[in-house]
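In the two assemblies presented below, chain A is common to both, partnered first by chain B and then by chain C.
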Partner chain A sequence: MDYASSFALIAPELLLTASGLVLLLVAAFGGDKMARPIAILAAATLFGAGIMLLPGLHSGVMGLDTYAFGTLMRADAFALFAKAMIYLAAIGCLMIAPPYFAQAANGNERGMRAEYPILVLFAVLGMSIMVSASDFMTLYLGLELNSLAAYVLASVMRNDAKSSEAGLKYFVLGALASGILLYGMSLLYGFTGSTEFGAVRAGLSGEMGTGALFGLVFVLAGLAFKIAAVPFHMWTPDVYEGAPTPVTAFFATAPKVAAVALIARVALEVFGEQAAAWQQIVMFLALASIVVGALGAIGQDNLKRLLAYSSINNVGFILLGLAVANAAGASAMMIYLFIYVAMSLGSFVALLMLRGEDGTLYETFDDIKGLSSTQPVIAWALLLLMFSLAGIPPLLGFYGKFVIFQATVEAGLVAFGAIAIAASVIGAFYYIKFVKVMFFDEPVDRVTGKSTAAHWALLLITAVIISPLGYLLTPSLTDLADKAADALFLVS
Partner chain B sequence: MIQTLAFYLFAGLVIASAVMVIMARNPVHSVLWLILAFFNAAGLMVLVGAEFIAVLLVIVYVGAVAVLFLFVVMMLDIDFAAMRAGFVRNFPLGLAIAAILLAELFLGIGAYNAGGLQLGTPDGANQAAMGASNIEAIGALLYGPYIILFEIAGIILLVAMIGAIVLTHREAKPGARGRQDIGKQISRRPDEATIMKNPESGQGVEL
Partner chain C sequence: MDGFPILTAMLLVPLLAGIGCFFVAANAARWLALMGTLLTFALGVMLWVNYEIGGPQWQFTETAELFAGFKYALGIDGIALMLIMLSVFLMPICILASWNSITKRVGEYMAAFLFMEVLMIGVFAAQDLFLFYIFFEAGLIPMYLIIGVWGGDNRIYASYKFFLYTLFGSVLMLIAMFWMVAQAGTSDIPTLMQYDFPVAAQFWLFLAFFASFAVKMPMWPVHTWLPDAHVQAPTAGSVILAGVLLKLGGYGFIRFSLPMFPDASAELAWLIFALSMIAVVYTSLVALVQHDMKKLIAYSSVAHMALVTASLFAFNVQGLEGAMMIMLGHGLVSGALFLCVGVIYDRLHTREIDRYGGLSINMPYYATFFLLFTMASIGLPGTSNFIGEFLALAGIYQASTWVALVCTTGIILGAGYMLYLYRRVAFGAQKNEDAAAMPDMDAREWGMMAALAAAVMWMGVYPESFLAPMRADIAALDARLAAAAPQGDSQLQVGPPRAQAANAIAFEAHDEEGAH
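The block that comes next holds the complex of A and B.
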């Protein structure tokens, strides 16, 4: 093991760690009034770490050269692509946080806490470690680092009962899921004699024993909890509703990317030769998520809860790409993930802009009645985002669903694809309800407050990405996703 | 022979006391059963020749359990008078558990002296360096190949600390009651703080 090359491979993580520690000192001595500069510096760090990914991302690195610290971590094209998405999403979430916390009307008398951007930074570090794990021990440590920071972020508004409840719920269920995951990992270790992905894969070749199968199921169940796939989704609506909206936007994007990348790597790399054993499980998770996500959202009145169900629905589509268990499916999955992050971030930014004169945030359907006459730009942006989430052409959301269905059909899983299409038609109901309420109901004129430039910028950027203009991105996106998928399938 | 006997004793007691942890109706009893489970798990570690981990298990977990115990006592409404009332009645049971622990101690030491339990055949790759003690072997792994995991664990603990402070620390308002201003206390001089009076008898003092 060569330390110099290992450290070079994890340079983005080292940068995040160093910056997190320095900013922590700034926060300790500067106090809460330094919160905004810290957030800006944290976003700049993430941007810098993202720049570091570019050379490897461009050349599509894979193979033995990407292993760091023996076989503990690897920075191949798949990990780099996931990291790039995570960093971008986290920058977005850092941008929208300061204006939200500055509003005293949201039951937050203290303003933004200086620790907030630092916790985001450490959560991102955890995700970064997760996606480049190639050993169950690294995987678990990265996951815990991310989760621990996420629990605190969920309950960061500690005077708000809902926020505390969200944090506690997330913590208790997250700890349970970690326990299940750890139990599965210990079973796999017991039956294969190693925690390293390649060695576990070799140990599982041939007929799979019951004990190892149990391990596989437990590991998949633990990871399915982290991505909120049905039937492990119960916490999602409550946590998404209770957590402060910038935190919810964060939960719906960056950790989702990390957990999906993780589940893909574990399924395709570690259990790559046992695809028959997990394909049914993942297929069930996918279809159940799509259907429950579509049906559960129908009765919701709170927009954050609705977006939580929407994210469950989207995770189903992503898992559908995984269930295909080939390189085309994995590539489609990564493309969908990118589009999902853009749509999701845009929707939450739009929710953050639904504020009254005194800064109160509105988050129910009643509040956005007739939004098109009072705030036409937000209404039109939301229209684009909702139509894109519903997968209506010519918006980019359609392209994401299209590549997933294409991979499914090419693999001969036509029936499953058909169920998913049927469920997405049902899901279109509530996305279109959004539009109906905004454009055709009597205006209530509640959303009158002004939004900051950061919100406007992010809303417009995401709206442009998901608009038909976004198709200009697809060639390079497909190229990157293909390279990532190739890196994932190199071992097989 | 003695190792096998000790193994089944320890393993059986771990399972039995773990069951009792979740079956006991009294939370204080649960905590005590948990301690018994940890002790027996430590015994198993001794049997496989990992005496350092065994000691660590006892020191760290029993220490953690002491904290847990405090939390249980502080957070739950337990009637200690009622618990003490059964002291004489439960004394034989307590004595029995103490006797079991003592017997286990001797058995563990005996089994340890009789040599480690062989678990499968060791292959060359994972063997510790010849003659290295437990602690040396763990240190060589922890600060060698697995250094990055060790560092990540450190960051996790740091995040846990930040989280605990963010969620619970409340800044006291300046000037609030019970708040010390140490600088002010130190900078007081005797001639400002005290006065000498020489009262006439029967006159009283005017301050």
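The block that comes next holds the complex of A and C.
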């Protein structure tokens, strides 16, 4: 494997690195007034990097040709699919940020800081490395690059106590999780003699010793923290509530995709021959996330906290696909992930549009009472998004649950699927509460502010994707997801 | 009609009209909705006219590979045809019923009803299991909004109860569907109707489907969402709920549970019979003591639906035909009764029975129509429900005489509560001045009532029009069930014909006496 082909395989990452560094220089010399051009350039970079993924995505690349730098990284169809979703989500989050930070009422007189888009760019670079890691060292490198950028992003509003608190909490708990993960990796290294995924897989074949099992459990626990699966979810509501809303939107989408893709790759590829050892763990994580995510959301009054629990709940469904431990389940996971990203992005954009005349952002149920008579378009879009999150047909959110549960039942886990789907009804309760507050209650007319074109565009795009029209996307989405899943299950 | 995708057209017309309703003013939305539903009704009439009785079992079939995982496949048999006709017939009436009584957010209201119509036609026309589920379940959204936004005082509780009850019922069915499709390798409904699932699995599949259909139907003891939803929904919402949505449960039994799981159906028939018997007697007694007119009619719906379930599981042609006829008849009659309540509710804004009285004096035409529909609900010969109830009871009698005995008391109790309701509302003294001052029906109300009355009488006098399209399909279903059908306890046997007429003996005896 020569360097030229290795560099060609990681061209998107190289582009992100180069433009991130250049933009950093621009920010250093240009100051905050350059924030807007930087954001636009960062989005363009992500778009360009996304274009580079297309040929590989289309042909479903997999196998030996996808390894770069020996066995350090691999850019197979699975990684490319995850990257495409990450880039798209990040572009969305860059689009919605400038209007938010431009509001003086949000405690930031200076408008958007120039670092913000650059941090997003570096976080995306980290995720990009995470999803194409094929060695525990690369994995950790990507994970930490992403996390460090994310800690700063969470506390990007320096004058806001809540934002700083969110950043600090995220940092402390994130560091703990990284420690757990590292400990697991070191155990695996000790028992198999390698950090490379293929070698670890080979080393774990046959009867698994207690030490290796501990390694497996620690690695999974560390990754479960990153995707906020119960019982490693405690940080999520606080961080989601405290962080500025565009950052929350970012946390709920792109890093989630990266972490889910990572846990899928580690579980199915590295521990692929020990599925029996981790299947029960993942089943527990999935069921617990669905139930706790649903029950925790019921009492919430803050919409961002509610969406945090909703994301926990959704992670549970995604993990159902992992628990199946076959290609159909992995494909279902990726489809669900795509739909989940569209739904979360749409919901957070809608939250960003709930602003008063002076730009104050409203984020409790009391503020959106009767929204349907004062802001019908936002209310109807939110209605579609909430029913979609609840998985009610004919919205696309149902299709996500459809493929996940189909994979579960086809793999023979009928009782498990039945329990999980029954628990999903609890979740419907708080999603329809959204609709109840917006449509059935008397209007309070607090949301009077105007939203920018970027917000409207993103809201309408996501609403169309999750509307019944989105079902027309399903054949091509399934095709891509199947290729991605096949790449994951190709034992090299 | 060759090549014209009429079923897709029937889905598209209300869909486009519904989208249009969002963008126009209140009055334009009313007209747009009326035109949309009338056009759909016209398409429905074309559908019926072109339906070939005795032709292939599935007609007007369309398929398109639009989605991954399931197909867009439509097609109808006689049973679906009749239920689609019921839906498209009731829809314009619902729009008219809401003409003046809905004043806030008219466009959204009309859109919700038109989307509802799309979903109802879709449910009956779907030929793919998952497409059916999508239409079946999607109805929750518009109905939740109709109850919650335009409903009565306690609408929020009712809308939550409706939503969560029916959702919980349905999700287990989805799991069962996945299992069936994985087992049979297809999601095509006609193929699945002929597929023999393992007998042991049928038991669980049946229970999963039962959970969904029993809630929709609704059967005792999961009927409690219905009175709440009915009472709180606006008049047209109640009409659609009682007229069509309750039929989804019955349709589900006849399309899925019986043909797909015949052995489990036979095995669990005792459960259905037991629940139905309890429901017939219990809900009839509950209806007897209601003070709220809508609640009374809602409980009577539960009783009627219990008769439907009992006769479906009688496993014979009479029972199946009777169940279908009760469903059609009840769709018209209970819809009409809710309209009758709506007419006086629009005038006095109360559903309390005691607030009315002696309406036949100041509203004679109204009282006449109300009487007709009351009689139809009781099952008087000449009205639609008589045909259904007679066939159903004849079918049940063959399966179990005891069940037939208990179900028949439901008819008697039904006469009790309906006549008692009618006496308190229409007869007696005009004890309330404001009720006595109410004007009789206007032209719009006349139109709705006359259309319903004509349909009720037609079905009662010449039921063959409605039975003929369904006959072949019900015979096919009966043949499918024949192997599993349990032995009835009535042991009916056709004896040898008499040599003489029954009254000939008496005459001869008299003759002999005279000769003596």
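The working rule: the second predicted complex is superposed on the first by the 490 of 492 C-alpha atoms of A that agree within 3 Å, B and C clash if a C-alpha of one lies under 4 Å from a C-alpha of the other, contacts with A are read in each partner's own complex, and residues count from 1 in each chain.
Definition applied: contacts are C-beta pairs under 8 Å (C-beta built on N, C-alpha and C of every residue); 3 or more make two chains touch, one makes a residue touch a chain.
Everything numeric in this text was worked out from a predicted model, so none of it was measured.
*Asks:* In the superposed arrangement, does A:Ile129 touch chain B (first), chain C (second), both or neither?
*Replies:* In the superposition, A:Ile129 touches chain B alone.
*Asks:* So, A:Phe398: does it touch chain B (first), chain C (second), both, or neither?
*Replies:* second
*Asks:* Touching A:Phe69 in the superposition: chain B (first), chain C (second), both, neither?
*Replies:* first
*Asks:* Could you look at A:Met112 and tell me whether it touches chain B, chain C, both or neither (first, second, both, neither)?
*Replies:* A:Met112 sits against neither chain B nor chain C.
*Asks:* In the overlay, answer first, second, both or neither for which of chain B and chain C A:Ala154 touches.
*Replies:* neither
*Asks:* Applying the document's definition of touch, where does A:Ile421 land relative to chain B and chain C: first, second, both, or neither?
*Replies:* In the superposition, A:Ile421 contacts chain C only.
*Asks:* Overlap of the chain B and chain C footprints on chain A, residue-wise?
*Replies:* none
*Asks:* Name, in rising order, each residue of chain C that touches chain A in their complex.
*Replies:* Chain C residues touching chain A: 65-69, 105, 108, 130, 133-135, 137-138, 140-141, 144-145, 148-149, 155-156, 159-160, 163-164, 167-168, 171-172, 174-175, 178-179, 181-182.
*Asks:* Enumerate the contact residues on chain A facing chain B in the complex.
*Replies:* 1, 6, 10, 17, 24, 68-70, 72-73, 113, 115, 118-119, 122, 125, 129, 137-138, 141-142, 144-145, 148-149, 151-152, 155-156, 158, 167
*Asks:* Show me the residue ranges of chain B that touch chain A in the complex, using the header's touch definition.
*Replies:* Touching chain A from chain B are residues 145-149, 152-153, 155-156, 158-160, 162-163, 165-167.
*Asks:* Under the stated contact criterion, what part of chain A meets chain C in this complex?
*Replies:* The contact residues of chain A facing chain C are 372-373, 387, 392-394, 398-399, 402-403, 405-406, 408-410, 414, 417-418, 421-422, 424-425, 428-429, 432, 435-436, 439-440, 471-472, 474-475, 477-479.
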